[in-house]
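There are two complexes below, and they share subunit A, which is joined by subunit B in the first and by subunit C in the second.
Let's look at the complex of A and B:
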C-alpha cells in the first residue's frame, strides 16, 4: 500500500480519536483514508478552513481528552507552527505527520527533506518536540503508533517526518494491532474539566501561554527544558554501522538513509570501508551516539547526504563541535538521492591508495 | 539482468491515461505476491491529467533502498514525449521496450558509439543531461549496447480486444522480458486490482487476461531483435 494509507491505519490502531485537517499534497490521502475509515470505528474527522484552524482544533480535542492528529506539508507545515508553538508552551499533546514537499513556498508537491529545520525547530520558542524521521513503510506504521504514545506520555508536540516519496510509493508493510505485540497504548485524559472541585479535591488546572513577567516565563521554560532533557535519553533512536576500520561514515536521515544504507552495503562489497549513521529521532538528536560513532576512527571522514541544503548538516556539525574529522557533503535540495550517486560521491573522494588494489 | 545491487529496475513511461501507473502497481503487487521485495513509486506533479506519466518499479530478493534510481534494466516507453523524458535512464544492457506506433523502429549502426537517437533532456533532477540542447525524437535510441524491443500493443488492443487493455498487453510484454514474475501471479494481481470492475463487467475480465496473454506471446513472435 502507499505510505499515506499506512499512516491512516497506524493512527487507527494507535487509538486516534479525531483528525483535523486541510488538504495539501502529498499528504491528502491520509485524510482521504482516515475519513473513510473513521466512521466505521467511531472516530472523527473535520476539514477546517486552513492549517492554523486544524492545529488549534487539535489542541481543543486534546484538552478534553481526545487523541487528535493532523497531517500536512510545506506551506501547511508553516501555518501549523503557531498552534504547535502553543502546544509546546501549554504542554498539550498532539501528533503531526509531515510529508515533506519541495520548498520554499509552493515549490513542488513531490518531495524534499527541506522541512527538517521547520519541523524540529519551528515556532517562536526552543523547539521542544519529538520528531521521528521514517524511511520504510514499516517504520511509518510503527513510529506513527509510537508518536501517539510519546505525545501523550510526555506532552510535547510529536511528529512523524515523512516525505512525498514515502507518501506515494507502494511497498510491503505488516499491519498489526499494537496490543497483539504487547505494546501498551498511552491513555488520553482530559487536561481540563477534570472531576472534583479545584483546590479542594484536586489541584487546579492552569495551562498558560501568557506570562506577565520575564522571570515567570523563565522559570516555566527552564522546567520544560529540564523535562525535555530527562526524556531525551528515553526517546533518542538511531541506526549505526561503524567500526575501527571505517574510513567514510555516511550520515543521512529518512528516505535518503535507505540510499545510504544501500550504498554502504555495495561499497563494502567492493572493498571500501564505509559506515553508516542514521538519526531516527532528528529531535532530540542522538548526538552522543553520533560522537561515539565518529570516535571509532580519528581519521574517519563524514559524508552528510540530504535532499536539502545543509539542514541535517547543521545538526551534525552542532553535535560534533570540537571534533576535527573532515565533513564532506552531498546536498541536493528538493530532489531524490540514489544509492549510485552516494557511491560516486564516496569513490570520488576516497584517495587512490586506499582503494582496493590501488 | 539484475546488476550488482541485485535489484531489477523498471521504468514505464507514457502519456497520462495510458495506464502506466496501473502497470507499475500490478508489477509491484505480483512481485510482492511472489514473495519478493517490491517498491513502486509514481512520478507526480501538480497536473490532474495529461502530461508524461512515469512509474518506477524495483523488484528484489533483499530489502530495497532508494525509491528512485539512475539507470533502468528495462525501460518501457509508450509515447514520444515519454521517450524524450526518460532517455537519461538508459545504460548499457537496458532493454528498451517501445510501442511501435509511438516510435519508429530503429536503424542500428554497428559503428556507432553511445546513444544516437536522442539529444533531448530528461527533466528528472538527477538525470545527467539537464540543460542539453533539445531535438525531437522519432525513433528508439540507436545504441548497440541496448536491446530495443518493439511491440504493437496499441494496434493489437484496438483491432483484436479493446483499446482499454493496451496497458495490460504492455504488462504482459514486460513480464515476459523480465522473467522474474510468474505470469499466473501477474494474472492474479490483475484480478485483485480490478476485481470490482470485473464483477460489474465480466467481459472486461476475459479481455484483460487475453491482453496479458497477447503481451506475453508478442515478445516471442515479433519482439525479438
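Let's look at the complex of A and C:
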C-alpha cells in the first residue's frame, strides 16, 4: 500500500468519525481514500473551502464529541496553524497528518523535512503539541492510531509527521484492529453541552481563547505548560544505538532516520564505530535520552542529517547546551538522503588515523 | 498486415498500471514491432515514467513522456499535457498508454484524438483494467464489479494480484479466480494474468482459470524521481 492509504485505514480503525479536508499534494490520497471508505463504515467527510476552514471545522467536531482529523502539507500546514493554535489554547483534541513537501511556499509537491519547525512550534504560542515523526508504513499505521489516543487522552493537538516519500511509496504493511492487540481506544466525549445543569450538577464548561487581562492568560498558560511537562515523560519516544566505543553518533528523524540506521549498520560492519539516535516524538523532544547517548563517550562527534537546513539541528543544539562534543551536519533541504550519502559523509570526516584498518 | 495494438492501462490507484503498460510495450518491441509508450499519468508529473524514459528508449520504445529538464521551471501547473500527446495514436505502430488512476485518469483520453472513433472499421483503443485483488478496495468479486461499474466501460481485465515480496503462486491464482468471476459478471474477458517472471514460470502458460499468463519484469522500482 502507499503511505497515504495506510493513514486512511489507520484513521478508520482508530475510530475517527470525521475528516475535514482540503486537497494538497502529497497528502491527497489520504483524503481520497477516506472519502471512499467513510460511507461504507458510517463515517463522515467534508471538503471545506480551505485549510483554515478544515481546521476550525475539526475543532467544532471535537467539541461535540467526534474524533476528527485532517491531513495537509506545506502551505496547507501554514494555514492550518491558526486553528491548531486555538486547539492548543482551548485544549481541543484533534489529529493532523502532515506529509511534508518542499518549501518555502508552494515550492515542490514532492518531499522535504522542512515542516519540522512549523509542525512542532508553529502558531503564536508555545507549541503545546505532540508530534510523531514516522519512518515507514507500519509506523504510519500504528502512530496514526496512537495519535488519536494521545490527542483525546491529553487534549493537545497531535500530529503524525510524514513526508512525500512516505506518502507515495509502496511498502508491505500489516493492518489490524487495535482492540485485537489489546490496545484500548480512548473514547471521545462532548466538550460542550455535557449532561446536567452547569454550576448545579457540574462545573460550567468555559473554553476560551480570548483573555482580557495579561495575568489571566499567564495563569491559564502556566497551567497548560505544567500539564504539557507532566505528559512529556509519558509520551516521549526515541530509538538509540550507542555504546562507550561510539565515535560518531548519527542523529536523524523520520525517513532520513531510516537511511541513518542503515548507514550505521553498514559502517559498523566495515569497522567504523558509529551509533544512531532517532527522536520519534520530535515534540516533546527526547532531550534526556539524547544527552545520555552523547554522554556515552566524551569524544563522540555528532552528525545531524536532515532534508532541511538545520531544523532538527536547532532542536539538537538546544538539548545539548553545555556539551562540548563536535557537531557535523549533512543538510539537504528538500531532497532525499540515502544511506550511501550518510556513509560517505562519515568516512570523509573520519580522520585517517582513526579509520578502521589504519 | 498485422493489426496495430492500441491499449490503455487503467484502474485503481497503485494497481500496477504503469508496470503492466511498460512490460506490454517492451514485450511488443522485443517481438520486433514498433511501439510508442505514452505517459498520460499526468495528475502528478513527478510520479510517472519520467525517470525511466531513457532506459525504455534504449529498449527500443518511443516514449512520449516529460523529460526532467522540460519540467524545470514549470512549477506546480496542474496538468501539463505535451501537445504530442493529443496525437498519441497517430503513429504507424503499436501504442500503449499508461493512464492515471480512477475515473479522472480516464477523462484525459478526451484530449487524445481518435480514442473513440466513429468509424467502426478503424483500429480502436482498448481500455484494459489492471486489478490487484489484494488492494483493499478491489479485494472481492463484488468490490471489483462495483469498481468497474463506477469506472465505466472497459474492454477487458488484467489480473495483477500480488503482495510485493510476499507474493505466492497461490495468491496469484486466487486473484485469477476473483478477477475472472468479476469479469464474468460484467461480461468482460480477462486478457491476462500478469506476474513477475519467476512466478509466471511456475504458473505456466495459463493460470488455473485458463487466462494467459504475461511474465513481468520490474521497471517501476527504478522510478525513483
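Some observations on this one:
Everything that follows uses one rule, which is that the second predicted complex is superposed on the first by the 358 of 358 C-alpha atoms of A that agree within 3 Å, B and C clash if a C-alpha of one lies under 4 Å from a C-alpha of the other, contacts with A are read in each partner's own complex, and residues count from 1 in each chain.
Throughout what follows, contacts are C-beta pairs under 8 Å (C-beta built on N, C-alpha and C of every residue); 3 or more make two chains touch, one makes a residue touch a chain.
What you see is a predicted model; the values in this text were computed from it and never measured.
For the composite obtained by overlaying on subunit A, subunit B and subunit C cannot both be accommodated without a clash.
Contacts of A:47 after superposition: neither subunit B nor subunit C is touched.
By the touch criterion defined above, A:109 reaches both subunit B and subunit C. With both structures placed on the common chain, the touch criterion links A:209 to neither subunit B nor subunit C. When the two complexes are superposed, the chain touching more residues of subunit A, out of subunit B and subunit C, is B.
Once the two complexes are overlaid on the shared chain, A:36 sits against subunit C while remaining clear of subunit B. When the two structures are aligned on the shared chain, A:335 is found in touch with subunit B, with no touch to subunit C.
Shared-chain residue A:5: touches subunit C; no touch with subunit B. When the shared chain is aligned, subunit B and subunit C each come close enough to touch A:168.
Common to the subunit B-facing and subunit C-facing surfaces of subunit A are residues 25, 108-110, 168, 170-172. The residues of subunit B lying in touch with subunit A in their complex are 4-5, 25, 28, 32, 37-46, 63-71, 124-126. Only residues 25-26, 108-110, 136, 164-165, 168-172, 255-256, 258-259, 261-263, 266, 269, 332, 334-341 of subunit A touch subunit B when the two sit together in their complex. Subunit C contributes residues 13-14, 44, 46-47, 75-76, 135-137, 163-166, 225 to its touches with subunit A in the complex. Against subunit C, in their complex, subunit A makes its touches with residues 1-2, 5, 9, 25, 29, 32, 36-37, 106, 108-110, 168, 170-172.
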